[in-house]
Amino acid sequence: MLDNQTFLITGIADENSLAMKTAEKILANNGKVVCTGLGVTPFHKNLSEKAESFLNKNYEDFENACKKVLGNDVYTAPLDVTLPESLSHFADDLKTKNIKLNGFLHAIAMDKTIRNKSVKPMLEVTAEEFNDTMNVSAFSLVTLCHSLLSNGVLQNGASIVSLSYIAAEKVSFFPYINMSIAKAALERLTIEMAYELGKKYGIRANAIRFSPYMGSKAGNATLKVEDVERANRISPLGNALPEDLAHEIVHLFRKETRITGEIRHVDGGFHIMG
Amino acid sequence: MLDNQTFLITGIADENSLAMKTAEKILANNGKVVCTGLGVTPFHKNLSEKAESFLNKNYEDFENACKKVLGNDVYTAPLDVTLPESLSHFADDLKTKNIKLNGFLHAIAMDKTIRNKSVKPMLEVTAEEFNDTMNVSAFSLVTLCHSLLSNGVLQNGASIVSLSYIAAEKVSFFPYINMSIAKAALERLTIEMAYELGKKYGIRANAIRFSPYMGSKAGNATLKVEDVERANRISPLGNALPEDLAHEIVHLFRKETRITGEIRHVDGGFHIMG
Amino acid sequence: MLDNQTFLITGIADENSLAMKTAEKILANNGKVVCTGLGVTPFHKNLSEKAESFLNKNYEDFENACKKVLGNDVYTAPLDVTLPESLSHFADDLKTKNIKLNGFLHAIAMDKTIRNKSVKPMLEVTAEEFNDTMNVSAFSLVTLCHSLLSNGVLQNGASIVSLSYIAAEKVSFFPYINMSIAKAALERLTIEMAYELGKKYGIRANAIRFSPYMGSKAGNATLKVEDVERANRISPLGNALPEDLAHEIVHLFRKETRITGEIRHVDGGFHIMG
Amino acid sequence: MLDNQTFLITGIADENSLAMKTAEKILANNGKVVCTGLGVTPFHKNLSEKAESFLNKNYEDFENACKKVLGNDVYTAPLDVTLPESLSHFADDLKTKNIKLNGFLHAIAMDKTIRNKSVKPMLEVTAEEFNDTMNVSAFSLVTLCHSLLSNGVLQNGASIVSLSYIAAEKVSFFPYINMSIAKAALERLTIEMAYELGKKYGIRANAIRFSPYMGSKAGNATLKVEDVERANRISPLGNALPEDLAHEIVHLFRKETRITGEIRHVDGGFHIMG
């Protein structure tokens, strides 16, 4: 189904990341993947020892997981979407290696106002925290597009999928606040990309709102068991699973489907309840 | 992908019907189909000669198209969703033949206020015209579910897809008025089915809003070339094609995907433009 | 604020009806009202004794409440929106008395599938129950507009408000099912009227989704205390009050405000919670 | 109607600003206003001569317009919402003068990617341009709330209104791109404030999407005549006027109305067209 097609998968932290399930599904459909993880790049400056050690550990986990699950040949690279040099270095490298992308998954999010499953009220969020979360979690969609397009790596007709969730629109009972605003911006940016890149390159861009999921590192750091259970109870079909999400992403990645600008729900029907 | 699964396809008029493209795609994915068309049933009473001849011609076209495109063995039957006896007779027949359904496509719509590409203003629509359109185009989703469930024909975990379009929400420039209200009701009924059948039987129900399409009998009777071209021009990817729609329906038909209550757009991005 | 303006208020059952609060607010703003209630009209045929007695009691309550709250001079009349003759008789009468309308409140709803605070699942609703609820609760918006316009009673620039609630869009926890579909249709019809009557007559049409309210006869017959309390607890400001609703309606009734086609929430913020 | 109530009006540039119309309407309803304009504050550092001169001219225009339209006694002050010291100095000053606020209008927006009625594609917007626009046009809602609440200036039960437009949701034909994303964030922040401040202080927060308007300095700098005319032609009632907007804001400012988290349209019905 995805023969001779290659997709960039961002946002893998370890084996249990949602993005990893998608990478697996792409391989299972005869596609290829390119994976980026958070790690030290030559473009980081003045990293504290602690930060460097954190990034190194993070990248090691990412790389090991990729090799284990996706095979030893999988292309992996460190990428920091907030550093223009890191982005253009990565795009250059793909170009040099003659790797063309037929699409990518944007699954990057970071919010320092969530700590140990507890989250700052919006009123206490600082401008720096707001901007950091916005840049990493939303604007990075644009910078990724920009660097991949200006290097000729992202192909005409490619398909972009970004990960969102219901809180982009509603005040959810589970603990995201500052991040919700970034997700609202991410969805609107996805729509803007659908328009701008659709007209020009036939590129598609869609977002998916997924059920709360604790299985991943990110989910486990933020969600509480009772919140996930509550969503499971409310949703007509219970919470959706990572494979449901992977299935939907692969569907949207398929060539020649005139679907774009959609904000879709893979959530067991949670969003219909009021 | 759809091995050992059978889907009911309603709304086929001839070879060019959108529903037919979906039926073909199901076969191409190793699924089976059961098709119903509008025709004379034993439950029609007091049909005028003209009406009977219209229905017979309609059914003949339907049956010939099914055999030609889907093969001689395809199950076909006349069905009038506004006649409870016709519905229960059809469901009984499937039961007797031990045909279990894994889902169905609701693609039934009828509106007498549209004639020769011109449409009555809402203010002039009569109660009878309103009710007829509502019953055939919206409430039939419920009566179909009811009859197929009470006869044990629709399986747990089945998937229902109904066809809608942007006018269910917005005032569209192409000529549907009375029908728009029925589509709004159809979408809300789809959501209600997602809830009611989801909780009880794990059945999923989703609606798809498709681009304006003139290729079919229905589209050709209602749409004007300039309207379809306008939608094509506005949409970032141009109008979506019947195969895009079929692709999406087959995707939603697949087993074990926790997606329900969605109102999706397969429209080249038309819906993002404001 | 509403000097020299007259508004038709439908849906008053007794002193506690939401529509009555609106009528009072209009008077308090120097406007005038015309009220219709459900009662026997010369156009009812073959009424059973029981039905006639029910309608008579209903109309007596309505009329007494109107006189008590709105004064002895208030115009009252029986109206059955499902009988074209009743509608045109009513419009004729206004014309004869030279009463011009600057707008009206559509607050008419009826659903026989709700009895003693319990409600039929959608799957068990009959075509007759579906149609009856649709006609009375949704299509009546069109028939009212039609009769008032064709008699020259509804003025250019008039303002129409219809009453809806969140279940028009979402599956609500409080007991409305069949009615939800009618409200979805009512909202879409309101939008269609906004377009059709806006372009032609400068007439505005908006809908308001109000908090669950038990104070009225209708609310008390359908809602449970725990449901109203739940909405109150969830909503950031608690449930909205009848005077909040009346306030909003009077706002929308004011002349020369270019607001139309809106689906507004007067609900203490309930709709933002997901 | 607004007796003994005081509202902060931001976003006045000159006599023709939308915010000015609102200030006038508040006075006409017996309320009081406090106005802030962009100008040099003691907290600006390293301003270029050109920037200082621009700010001074801007503030002079603002102050003159306020005095002319709103009277010589109106409180005016320079405010830069991106400088925490400016915000807290302003809030302190109100506190010292014992001015309590019953609400405010957020009408602040700035986007350097729009120049001479032409606008950068999203793909070319830099992180700095994205962040600047976000901070000034969206996050400032939070910083304003924060400073006014922590100084006890914003009263319980106050009402906040923010100005948005259709492009927060859709790709509009008139030239806003980067700003659209900020407006999407502003709307989501308004909803978050509705929740957070509603629960805690009974404070309401709503956003209004207004028609494209060229009469103001901001509108004139960005919009083209043909775009405004197109919106006027499409909208069932034509474009809404500044007084329609002011009317709606004053309505939302009124005490004790349980309306919050709403995204409302004052746009002549533009948003219903698809």
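By letter and in written order, the chains are A, B, C and D; residue numbering begins at 1 in each of them.
Definition applied: a residue touches a chain if its C-beta (ideal position, glycine included) is under 8 Å from a C-beta of that chain, and two chains touch if they have at least 3 such contacts.
Since this is a predicted model, take the numbers as computed values, not measurements.
Under the contact definition, chain A and chain C share the contacting chains B, D. In terms of the distance between Cα centroids, chain A is separated most widely from C. Averaged C-alpha coordinates give centres for chain B and chain D that are 47 Å from one another. Distance between chain C and chain D, defined via averaged C-alpha coordinates, is recorded as 35 Å.
Centroids of chain B and chain C (each the mean of its C-alpha atoms) stand 33 Å apart.
Among the residues of chain D, those touching two or more other chains are numbered 169-171, 191, 195, 261, 271-273. Taken together, the chain D residues at the contact with chain A in this complex read 82, 84, 121-125, 127, 130-131, 134-135, 138-139, 142-143, 145-146, 149, 168-171, 177, 180-181, 184-185, 187-189, 191-193, 195-197, 261. Of all the residues in chain A, the ones that touch chain B in their complex are 191, 194-195, 198-199, 202, 204, 211, 235-241, 244, 247-248, 251, 254, 256-262, 264-269, 271-273.
Contact residues on chain C toward chain A in their complex (touch as defined above): 166-167, 169-173, 271-274.
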